[in-house]
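Lettered A, B, C, D and E in written order, each chain numbered from 1.
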Amino acid sequence: MLPDWIGPQDLAALWLTLKLAAVTTVVLLILGTPLALWLARTRSRFKLAVESVVALPLVLPPTVLGFYMLMLLGSQGPIQALGGPGLAFTFTGLVIGSVFYSLPFVVQPLQNAFASIGAGTMEAAACLRAGPWDRFFTVVLPLSQRGFLTAITLGFAHTVGEFGVVLMIGGNIPGETQVISIAIYDHVEAVDYASAHVLSGLLLGLSFLMLFSLYAINGRLKMVLP
Amino acid sequence: AELRVAVAANFNATLERLAEAYGPTHEVAFSISSGSSGKHFAQIRQGAPFDLFFSADDRRSADLVASGHAVADSRFVYAEGLLALWSPDPERIPEDAVAFLNKTDAPRIAIANPRVAPYGAAAEAVMASYGITPDPGRLVTGQSIGQAFNFVTTGNTEVGFVALSQLITHERQYGPGSRWIPAAESYPPIVQEAVLLRAARDRQGARAFLDWVRESEAARAIIQSDGYRLPSPAANRDHRDR
Amino acid sequence: MTIQLKFDLVRPDFRLTVDVEVPAHGVTALFGRSGCGKTTLLRCVAGLEPAVQGRLTVNGACWQDEARFLPAHRRPVGYVFQEGQLFPHLSVLGNLMYGYRRIAQDRRIVQPHDVAELLGLEALLERRITEISGGQRQRVAMGRALLTSPRILLMDEPLAALDEISKAEILPYFERLHEDLSVPVLYVSHAIEEVSRLADHMLFMEDGVIRAEGPLRELITRADLPLVHGEQASAVLIGNALSHLDDEHLSCIHLPGGMLYVPRIREPTGGVLRVRVLARDVSVARQPPLPSSILNCVECTIKEIIDDPHPGHCLLKLQLGDQYLLSRITQRSRRQLELALGDRVWASVKGVALT
Amino acid sequence: MTIQLKFDLVRPDFRLTVDVEVPAHGVTALFGRSGCGKTTLLRCVAGLEPAVQGRLTVNGACWQDEARFLPAHRRPVGYVFQEGQLFPHLSVLGNLMYGYRRIAQDRRIVQPHDVAELLGLEALLERRITEISGGQRQRVAMGRALLTSPRILLMDEPLAALDEISKAEILPYFERLHEDLSVPVLYVSHAIEEVSRLADHMLFMEDGVIRAEGPLRELITRADLPLVHGEQASAVLIGNALSHLDDEHLSCIHLPGGMLYVPRIREPTGGVLRVRVLARDVSVARQPPLPSSILNCVECTIKEIIDDPHPGHCLLKLQLGDQYLLSRITQRSRRQLELALGDRVWASVKGVALT
Amino acid sequence: MLPDWIGPQDLAALWLTLKLAAVTTVVLLILGTPLALWLARTRSRFKLAVESVVALPLVLPPTVLGFYMLMLLGSQGPIQALGGPGLAFTFTGLVIGSVFYSLPFVVQPLQNAFASIGAGTMEAAACLRAGPWDRFFTVVLPLSQRGFLTAITLGFAHTVGEFGVVLMIGGNIPGETQVISIAIYDHVEAVDYASAHVLSGLLLGLSFLMLFSLYAINGRLKMVLP
C-alpha cells in the first residue's frame, strides 16, 4: 500500500532510527541524570571544566567528530589496543556516538531543572524520612518534569535527525546501521527528490505526532511549579 | 577576476594544484567550493553563484545542460577515475585479491555508496565482474569515496575500494600500503565531466581555464600524476556529442 | 531521660554555641529575639546542618558525636518549618501522606483522619498547595510533621499565621499529644502566652548562645531576663485541683499558701496542674478586698521590687508558699501603699484570667 | 475621603463578594478566620486578581470599574505579602531599594536609612535573602513596601514572625506613619491586641463576605460577633489627655463619665486619644473599692450581659458615658454580687494594663 | 607563524564561523525569548502545536533541512518568485538556516527557566511599580540566568559545529559562506588529516576557552536560586 518510492529498506531504516533514538535517549538519561545532579550540586573546582567538556562535542562538525570516533574505535585506536571489541559499524557503536554527541542536550536542561529545586523542599523531604533515592524519585523527578521533557525531546529528536556521526561510524549497513536520515540524504544526493519528499514527510508527520503526544502528556501531568 | 568553481570532493585537491599552476600566470583568482555533486547540482539549480562545475560524474552535467543551467558545448571529461582495492598495511592484500576477498574469513570491505557515488557503483561492478560476493554485513558503505577511504585509514575496515587518486596522495605522506588495481574494463569508466555554467557563459576567463585543463600538457600531467586517467581528446569529442 | 544538645556552628557574622540538656518529655520553649539562632538550633537537631560540630543525644540514643552523624532522614523528628516548605507538586493530601507512608505500619500512632479533622483540612485534601490560604498551608505543614509519629517534635512558630479560634482548637491537641505520647517538643514561638501555656521548660537564647535555661516558671519570673518586662509578663504556679464547683463551672486549686478559683478544668480532683497568672492581672492591697467580681485573693510576701522599662511602672515579685507571683503596678500605687521588701500584702487575681 | 471596595471573585469552592466603603485614613483591620478571604481581598485591591469583577475607588481615583482595570504596577500600593515573596536574586539592600528606585524623587517620603534602622536591618544589607532568619525576612518585606512611599498600605500579617520587642519597636512607627502621612492601611492580623492597638476601623470577614463593618470600638464590643468571646476581648475608649503626672509617669485621661490613669503618653494635654481596656482586666463591685494598686475606678451601668463560650464566665457590657467597657467575670461572681441589667456598678481597671 | 596546514582560507572560515555563530545566537535570543515567554505563560490551545513545531526541524537531517530551505530561498523558490531577495548563498541565508535549525535549543531552556519563576515573585515586582518590561529585565532575566546560559551555549556551539544546513544553503564558498566546520570536513574528505587535526584542535581549544569563560562568569554572578 506504500507508494513505490519507499522500499522495504527505507522501512527498515525507519525502524532502526526509532530504535536507535529510543536506546540513545534511555542511555542519555541514565548517564546524564547523575552527571547533571553532580553538576547541579557540586562545588568542586572541576565543575567548570566538566561543564565545558560536556558541551564541547557540539562545536565539532558531526562528521568530523565521527571521524575522530572512528580513530578511537579503529584497529589503531586505544579501545582495540586495550583488547576491546571493534565497535565501528555496529549498533552499539552508533549508540555510543549518538550518546556522546547529544549529551549536552540532556545534561544542560536537567542540570537547570535540578538546580532550581529549592534546598528547603529537599530538606523537608529528608525530615519526612525520605532517603536520597526516595527524595530523588518523589521530589526531584516530579519537580524536574519539564527539564526531563526538554532533555528527552532534544535528545530523541536530535538523534533522529543527526546523521553525521552515525554516517561516519555506522557504515550505512542496511538493517543494521542504516538510519532513515541517511536514506533521505541519499535520495537527495541521488537527485531522487520524490522519494526524499515522501520520506521526509513521513518522518516529520511521525515526529510531530510523537512530540505532540509527549507535550500533551506533560500538559496533563499538570506541572505545578508556577 | 575571480573564478568560482564547484568541484566534486574527490577532485578538490587536484583542482587546487591546477589552480595554483594556472592562476598566477593568467592573473586569475580561484574560489573553490568542494562538495558532493548531488549537493552542487541542487544548489546550481537554485542559483548558486558558480562559474564552473567539476562534477564527479557525467549525469549531473548533462542534466544541468538539459535544464539550461549550463552551456552545452562546454561539457567535457576532465578525468576518469580509477578504482583500487587498498590497505595501508603493505602485507594485507595478497597477489590473488579475488580469492582473498572471497574467503570465508575475509575482512570487511569499505566502499562508497553506489547510489550516490560513482566510485561506489564502480566498486559494485568490479565485484560483479570478478565474482566477488561478500555477504551484505561485510560491506561497509561510506557516503562518499572520502568516507570510504577514512574507514580504511582509521583501521575500521582492513581494505576498501578507494580512488587511486586518494591512495596516491596518502602514500606520498605515509608510505606505501598494499593494493590491487582491477582491470579498467571490469567497470564502466568513472567519467568526470566539467561544464561551464550559464552565469559565466560570456566570461572569457572561465572558458579559457576549461580549455587549459582540457588541452594543456601541464594540466594533463597534474591530473595524471594524481591518479586519474585522461580520456583521449577524441573520446571527449564523441562524448560531448552523445 | 534527657536530650543533650551540644552544638558549635560557625557562619559569617553568626555563631551558635550551645551546650545544654533539656528534659526528654514535655514542651521546651525556645525563646529569643529575631535572628538569635532559634531556627538554626532546630536545624541542627534535625540533621540539616552537616557542618555543625558537637554531640546530640536523644533519650540515650546518640544522633551525632565526633564519629557519627545520623542523616536527617534517619532521625525520627517531626519538623514544622518556619516557612512551610510544602511540596508544590503534591496535593494537600499528598503532602500530609508523604511522611506517613514512610513510617512502618506498627509505628503509626497518629492517624491521617484525625489530623485532617483536627486541623480543619478535610475539605481541602484534593487542593493544590498553591490554591490554599496562608493559614491553611501552615496547618498542612503541621499535619505533615505530626503524621510521621515522630519521637521528637521541632516546631518553628507553627501557629503564627493562625487565628485565635484555630489556635484554641489546636493547642489542646498538642497538649494531649505530648502528654499522652510523651513526645518531647522543641517549640519556637514569639507568643509568650502560647509558650507559657504549653511549655514546661525554656531555653532563652541571645546571639547564638543560651542566656538562661530551666523550668519555664523560674525563667519567666527572673528579674535579670527580659521576659518579666513585656506586657505579657507572667508567673506560672503549680497546684492540685482540689475540688470542682460544677454548677458554677469553676475549679478550686490548692497551692501551698493559698487557693485560687479558675475556670472549670478537666483534671480529676487531686491532679497536678499549672496556672498562668499575668503580672498585669495581679493587684495588691494592704487589706483583704471587699466583695467584688475578683474571686481570688491570696496573702503573699514582697520578695523583690523590679524596675520596669516603663518608668511609671514596677514589678513586684511576690512569694506565695514556695512559688512566685508577679504583679505589675504603677510607681504611684507603690508609693501610695508604701510597699517595701518583706511586706505582707493581699494579691487579687481575677479568676477569669487564669488558663 | 473613602476607599470603595466592590468585588466579586469566583473560585472553585470559594467566592468573595464584598461591597463596602472604608475610610481613606487610619488603619482598617481585616479580621476573620483562616481561609475566609482576607488575602484574596488585599490581592484584589493590589490589582493581582485580574478576574475580579467590581469597582475600586481610592480617594476618588478609580482603579477599577467595568471599563478600566489599572494594572498592579500603576497602583500606588505598598503590599507586604503574607509569605514574603522577596527577590532571591537580590541582596537585602537590593530588595529594599527595588521599589524605592522606581518612585519619582519628589514622591519619596520614606527614606531607606530610616527604614533600615527602624527595622534593624543595617547589619544585614549585604546578605543574600537565603542567609537571613525568618523574622529578618519579614522585616525586609515590610521595609521594601514602605520604601515605595505608597498611598495605601496593604499588610498581610506583617508582624507574625516577630518577637514582642521588635513588635514594640515597629508598631509606633506604623502609628506615626499612618498619622503623619495619613496613609490608609488595610491590615490583616490574627492578633487582636495588635489590631485593637492600631486599627480605627474594622472589616469582619466570614467565608468571603463581610459579616460586619464599622469603627473598631463598636465591633469589638458587639455581642453578636465572636470578637467578644476571645481571651483578648476588649473595648476601646476615646478620651482627652487631661493632664500629665510627670513625676509618676502617668497621664490622666478624661472620659465622659469618668477618669482613667494610664502610663504616661506623649500626646499633649487636650489631645484626643484611645485607650484599650481588656475585658479580663475589668472587675466590678457594688461599692467603690478600698485603696489598692488598682488606680482606676469608674461607675458604670450594666447594659448587656452576654453569655461566654466558657460556661463559667459571662461578659458585662458596661456603659460609661456614651461609650462601652467590657468586663469578663465568673458566673459565680455575677450571682454573688447579684448583678442585673441596669445596675450601677464600680468597675476597676488596672492602669498598667492600658496601652 | 601559523603552521603550513592552515591557510588564509581556513582563517577566513574561522572568522566567518564565529561571526555566524554570534549573529545567529543573538537572533535566536531575540526571537526565542518572546516565543519562550509566550509558551511559558500561555494557556492557548495552540501551545502544544507550537511547541511541537519548534522542535520539529531537529528530526530532519540537517542537509535535508538545508535542501528544503534551499528550495524555499533559492532562485526557483517561492520567496524569490514573490519578488523577495535572493537569500541563498548569502550570509543572511546562513543566519536564517542556522536560526531555524537551532531554535529549539534556545526556546526550550528559556521556556523552562521562565516557567519556573514563581508567580509570587512577579507579583511582588508589579506591586513595587515595575511594569512588564521592567519586570522582564530586573526579575525574569536574572532569575533565568542559567536558562540563558544554556540557550547561549547550545545555540552558539551547535551553530559552530553544525554544517549540514549551512553547506546546503551556503554553497561552501570560501570567504563568503565557507565555515570552519566545512573546512575541516573538506580536509578529512581530502585525506589531509594533518590540517584537519590542527583545525579541529584550534576550534576545540578556542571553544573550550569560550565555554569555560562563559561558565566562569556565570559562576561569578553567583546565581542564588535556590
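In this text, a contact is a pair of C-beta atoms (placed from the backbone, for glycine too) under 8 Å apart; a residue touches a chain by one contact, two chains touch by 3 or more.
Chains and their UniProt names: A, E = Molybdenum transport system permease; C, D = Molybdenum ABC transporter ATP-binding protein.
Owing to the predicted nature of the structure, the values given are computational and were not obtained by experimental measurement.
Peer 1: Please state, in steps, how far chain D lies from chain B along the shortest route of touching chains.
Peer 2: Minimum number of steps from chain B to chain D: 2.
Peer 1: Taking contact as defined at the start, I'd like the list of chains shared as neighbours by chain C and chain D.
Peer 2: none
Peer 1: What are the chains that chain B and chain C both touch?
Peer 2: Shared contacts of chain B and chain C: A.
Peer 1: Can you tell me which chain lies farthest from chain A, using the average of the Cα atoms as each chain's centre?
Peer 2: Farthest from chain A by mean C-alpha position: D.
Peer 1: Looking at C-alpha means, what's the farthest chain from chain C?
Peer 2: B
Peer 1: I'd like the Å distance between the centres of chain C and chain E, where a centre is the mean of that chain's Cα atoms.
Peer 2: Each chain's C-alpha centroid was found; their separation is 60 Å.
Peer 1: So, what's the distance in Å between the C-alpha centres of chain E and chain D?
Peer 2: 57
Peer 1: Centroid of chain A to centroid of chain E, CA atoms only: how many Å?
Peer 2: 19
Peer 1: Could you pull out the residues of chain A that touch at least 2 other chains?
Peer 2: 63, 67, 118, 120, 182, 185, 188, 223, 225-226
Peer 1: Check each residue of chain D and list the ones that touch at least two other chains.
Peer 2: In chain D, 83 touch at least two other chains.
Peer 1: Could you list the positions in chain B whose residues touch two or more of the other chains?
Peer 2: 39, 42, 147, 150
Peer 1: For this structure, enumerate the chain pairs that meet the touch criterion.
Peer 2: Those chain pairs which touch are A-B, A-C, A-E, B-E, C-D, D-E.
Peer 1: Spell out the part of chain E that touches chain D in their complex, as residue ranges.
Peer 2: 118, 120-121, 123-132, 134-135, 138-139, 142-143, 145, 223-226
Peer 1: In their complex, what parts of chain D are in touch with chain E?
Peer 2: So the residues of chain D touching chain E come out as 46-48, 71-79, 81, 83, 85-89, 98-99, 102-103, 128-130, 144-145, 148.
Peer 1: So in the complex, the part of chain D that touches chain C is made up of which residues?
Peer 2: For chain D paired with chain C, touching residues are 11, 13, 32-35, 38-39, 82-84, 120, 123, 131-136, 139, 156-157, 160-166, 190, 192, 226, 230-232, 245, 248-250, 261, 263-264, 280-281, 283-287, 289-295, 310-313, 327-337, 346, 348, 350-353, 355.
Peer 1: Would you tell me which residues of chain B are touching chain A in their complex?
Peer 2: 36, 38-39, 41-42, 60, 63, 108, 110, 113, 115-116, 136-137, 139-143, 147, 150-151, 154-158
Peer 1: Okay, in this complex, where on chain A does chain B touch?
Peer 2: Touching chain B: residues 63, 67, 70-71, 73-77, 80, 86, 88-89, 167-169, 171-174, 176, 182, 185-186, 188-191 of chain A.
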